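You will see chain A twice below: alongside chain B first, and alongside chain C after that.
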Partner chain A sequence: MKQPYYYLDHAAATPLDDRVVTAMQPYLQDDFFNPSGPYAPAVEVRRDYESAKHRLAICIGAKLDEIVITAGATESINLMIHSTGGHIVTTAIEHHAVLEAVAQREHTLVAVGPSGVVRSADVRAAITPKTQLVSIALANNEIGTVQPMREIGEIVRAERARRIEAGEAAPIYFHSDASQGAGQLDINVARLGLDALTLNAGKMYGPKQVGLLWVASRIELIPLVVGGGQERGLRSGTENVAGVVGFATALELVCQRRKSESVRLGGLRDYLQQRLCDVFPDAVVTGSYKKRLAGHLHISFPGIDAERLVFALESRQVLVATGSACAANYGTRSHVLTALGVAPDIADGSLRITLGHLNDDTNIREAADILVEVIGNEYRRVGR
Partner chain B sequence: MRVYVGMSGGVDSSLAAALLVEQGYDVTGVYMKNWSQDLPGMRCPWAEDLADAKRVAVQLGIDFKVYDFEADYKQRVVDYMIDEYQAGRTPNPDIMCNQEIKFALFLSTALADGADMIATGHYARTADGRLMMAVDANKDQTYFLYRVSSAALQKTLFPLGEYTKTQVRSMAVERGLYTAAKKESMGVCFVGSVGMREFLGQYVVTKPGDIIDRATGAAIGRHDGAIFYTLGQRHGLDVGGGLPYYVVGKDMKKNIVCVTTKLTDSAIWLTQLSLSQPHWINEQQFNGECLVRLRHRAPLVQATVTAVDDMLHITLAEPQRAATPGQSAVVYLDGCCLGGGIIT
Partner chain C sequence: MKQPYYYLDHAAATPLDDRVVTAMQPYLQDDFFNPSGPYAPAVEVRRDYESAKHRLAICIGAKLDEIVITAGATESINLMIHSTGGHIVTTAIEHHAVLEAVAQREHTLVAVGPSGVVRSADVRAAITPKTQLVSIALANNEIGTVQPMREIGEIVRAERARRIEAGEAAPIYFHSDASQGAGQLDINVARLGLDALTLNAGKMYGPKQVGLLWVASRIELIPLVVGGGQERGLRSGTENVAGVVGFATALELVCQRRKSESVRLGGLRDYLQQRLCDVFPDAVVTGSYKKRLAGHLHISFPGIDAERLVFALESRQVLVATGSACAANYGTRSHVLTALGVAPDIADGSLRITLGHLNDDTNIREAADILVEVIGNEYRRVGR
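Entry: the complex of A and B
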């Protein structure tokens, strides 16, 4: 990566790891063949494609034939919800992909308190005999809070057991979009207690527009994209071989590095948080401190216009996201912060800082200096 | 002195704001959100423009606000424009925008908000409530400003009036303004590159009709709606072969467009003009020798103005091409824009 950028927005996009690029390279030109082709080189590409999918399956503790490759997490989520009948339980802080997909369906949005962590008891209370899907993201993309997946998984299993006992036919499944947490959290589907999982390569140093939906073999998917019958008829279209090979390599790499990377990013994040909260005592950190992604810091400077900070910071090479509003959608704040009951002036003053591969000790120390200076200037400008 | 400067996200208004800050004014940047609708083939870039304006405000360390004028703009500028086209005229929405939005609604909103004056990035100058041409004769935008009131001008600063466009660019670069290298927007802002035809197509139902050669009276082709054609227009006439045709008139009721191959046709070259809705910035009335401009950047031509009732009659010293009904004739004297009226 070309310095001198201080890139603090890894939750939005990540650069491809060099090893991912290397792994993808052959399939862009030399081995460009359509995996459905009858001749030997195409058959070989097919083999590599299946092998990449197998590697993906291994990383999440699943079987090869339970994975459907999609064009990213949004499509995976849509495919999952499209395939589900009945009532759906999700949370008020889900990604728009989920909220929009369930909007026309019978659903319940479980409220989430200021901690940003869903209470499993609230999920249990939202489940009705008609509920067929519980969909909750592993980690929130805005505030980074991590949800109690095992507890919720237990609840879904218990409900399933109850239905079997009672002779009720309606199935119930637990789906999670783990795109945001894959680099820092365990994503083994059995340990998380999941029936379905969405992942996105673009958030883990892999290519954009590549994702997967894993579903336990008992779940029957109804395709959104029909045509040539690729992906067992569940997602037609010529396979994105390079993308999937890149995805597999990226996922393997983040899985290998997961523990050490979480510790490393947690240290950098804690340093930044400490520094900013020391200098600006009225700064507000949103979301649980403990149940939060290691690289994630959602911090607000009440009374400050966060978009001004973003513009002032970009001119100093610090790239960071606002935590909520921008002037272009004036009056509409983040649905996540609104759901958490965050006051408007805190929402409008919030930055989302998400760390990753492009950050190290020096980089974050320098970024912290610039943040302190720029935020301080803005406080002085507004006379505080 | 508190000045609210209209910032569009372009280089001109960015530098205007920068100059005001340097001159010691207490400056607030304002983005007027007038239009945000996409058109087929053109995404409205308002959100990017707003962000650019705000970036420059942050660079300058000034306050920044957004005024939402969309409803007013639609009613007072866009609807007016559509009505005029439907009546067979070729209106000038930029003039209407200045008259109704920038130097009326923006001014009153800013004053109510605590401003003492407003400013814009127009190439024009003021002196005691009079409107003076800009130093850069090529960029001079007084043509678009002739319907503004003297009272508004007394509350207005035009920081760019003394500079040429080239100077403005290089001053913006010198100051490292974010928008210094931004491409100039062209045409009517909300219509942009897609053209008026596509825009109007969204709002009015049009019927195909005949294109008539005025010399022979023969139908020589078909048009897709008379409203799309403007007097003097040469291109876009879908009639093949031979000499180029020029629009010399149209009949909205019969939905016909009349054309000629004679570039010297008296319908194209006029010396006598009648203007409706005269507006004088300072004078009660003006009669006599002056200079007149019939389009933005068109040359100033010698003329005599005579006021008769609520109309103006203009006699041009030399015939001018395509004085288009709905467009404005603007009157100048000694570098001062006095006012003008709408060509009938």
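Entry: the complex of A and C
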């Protein structure tokens, strides 16, 4: 791959891994058959498709028939929320997919302090007897904070036990969007204490518009898209065999490399953070230092206009996002930073730096030099 | 592409055209950026994405900002029906995506006679003052019958005019799923008299799980999937740039080749039909001979078990579907044939033969020889 730039925005998009492209290729042309076809080549494609779903299931410690393939994380989240009745508990720093999907529903947004870490006691306090879903992302897509899933999972299980004890019929489930964490954190659904999980191939070196919703078998989904009955009737449409085979390959690869990659990215991130904080003593790192994705650095240079900074960096081949790279948010202040109580001048001077496969020691050192120079120039320009 | 078989099931799936693969390739790795990113390479990807949508719009005679990209035709149909209030008129022979989506809604299924052609007078009679949508596929996916779109479009326009005159507020729109017809029929939305159109890349040598919904700008869509605000807020989720560029390339190619390809496929189909009807005088061709897709032949051999026949043909490298290849239908009798009043023994003996790019004079002649031999064997086996 040509790479004439320093790519520091892996949370926004990732290129397909070569092995993912290789795995997908046959299904574009030679093995293009409709998996619902009755003849042997179509049946083989069906088998490969189911096998890819099985590989996805294994990576998260689930069963094949609990996986529903969707067109990315956003649809997966919408399908989960659409399938839930009652009251929903989520946080003020969730992705827009969750916030928009719960907007028309009875819900509570749990507040989150400056650390960006959700307090499980606050989740407990937000749950009412009418709550049927708690949805909290494993890692925040803007600031990279990792949430205490096991603790929240235990709270949900305790509430479920209480309802059974009390003879209350309303179910309660714990869902998480792990799109941002999958390459760097354990995503075993039992260990996380989840009832439902969303994943996104496009954030893990797989194809865009491919994702999944895993739900424990006791959860009944209500389809958003009906028709030919694919995905056990839960999500109709001719299957994207190439995309799902690519997704499975991508997830297996990130799972295999997770530990070493976390250590590697953590080292690069810490170097970058140290360097920037040393040179710019009033730089502010957002959120918890400890409970954070290894490759994630959300850092602010108060008084600097981050949008200007992004363009200045781009002219030096450093590609980085402002504090929030969300489509809905561009040009406005991040709802995550606002929820954390970050002051406006800090929010407006923040960059989201997210590392991944396209980074190594050499290019991060070079990128650091450019960041120091360009940020220094901006500080001089504004006379600070 | 290797092709050790005779593929006669183009209505079920099509391989990607080489030029489609070439067009998609850059966006998988080199230009993988999130189109919502602020830096120049991402902005260029955004431009390519919008340009691909513009090319799609031009092919159907529409405007760029009237196109919503979806994960295939099924989602597109669901989005249209979800966005409609009131009563819906459709036909008894529609695809399951339409039938399932209208099932929970007030609707009328217009009956269709043995020709498979919807009578526009029947559509007119089914429209009530509460009707807000008429949805009829351009060409039927099982029997290939082409519907009188202009006539139906005029009926819808007349009803709209009547309501305006009468001061009635309820809108009425005409939607069509043209997934099956796009490679062989004119799909200019104005000439078809449509207010909304569904297309599917996977049926026209483009990628699976990529489709579009075009709606005239006066129609307000109600999103099924909310979140980051992509597709003007009507369908959120990080854009499948590779897929949409592939879709645009595929649609341009089929539009360019439409006339010559229709003539070519019509010739091959007529040869096959003639040959089979000559050798098997009790063979029955389903539906109108004239108002039919050029590459489509739905033919029945009464007394023969079509599922057995499909397997026998498969062992001779001829890949063909039974009368209905729909996932929801497999193993059961086709709702289309039932609606047409086709007798059970004719329905159960029917094949759907659909021709396309993988066919030429030579392989259709060879396939015809094999069909004649294998069908003959089956007739002998059942003693007829």
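In this section, the second predicted complex is superposed on the first by the 375 of 384 C-alpha atoms of A that agree within 3 Å, B and C clash if a C-alpha of one lies under 4 Å from a C-alpha of the other, contacts with A are read in each partner's own complex, and residues count from 1 in each chain.
Criterion: a contact is a pair of C-beta atoms (placed from the backbone, for glycine too) under 8 Å apart; a residue touches a chain by one contact, two chains touch by 3 or more.
Since this is a predicted model, take the numbers as computed values, not measurements.
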item: Which of chain B and chain C A:Y39 touches, first, second, both or neither; value: second
item: Touching partner for A:E307 - first (chain B), second (chain C), both, neither; value: both
item: Contacts of A:G167 with chain B and chain C, given as first, second, both or neither; value: neither
item: Partner chain in contact with A:D9 - chain B first, chain C second, else both or neither; value: second
item: Chain B versus chain C as contact partner of A:R381, first or second or both or neither; value: first
item: Which superposed partner A:V241 touches (first chain B, second chain C, both, neither); value: second
item: Of chain B and chain C, the chain that contacts the larger number of chain A residues; value: C
item: Contacts of A:P281 with chain B and chain C, given as first, second, both or neither; value: neither
item: Doubly contacted residues of chain A, that is, touched by chain B and again by chain C; value: 307, 311, 326-328, 330
item: Touch list for chain B against partner chain A, complex; value: 31, 46-47, 50-51, 54-55, 57-59, 61, 64, 66, 68, 178
item: Touching residues on chain C, where the partner in the complex is chain A; value: 1-2, 5, 9, 12-16, 18, 21, 28-30, 32-34, 36-42, 71-75, 77-78, 95-98, 100-101, 103, 200, 202, 207-210, 224-230, 236-243, 307, 310-311, 313-314, 319-322, 325-328, 330
item: Residues on chain A engaged by chain B in the complex (per definition of touch); value: 307-308, 311-312, 315, 326-328, 330, 377, 381
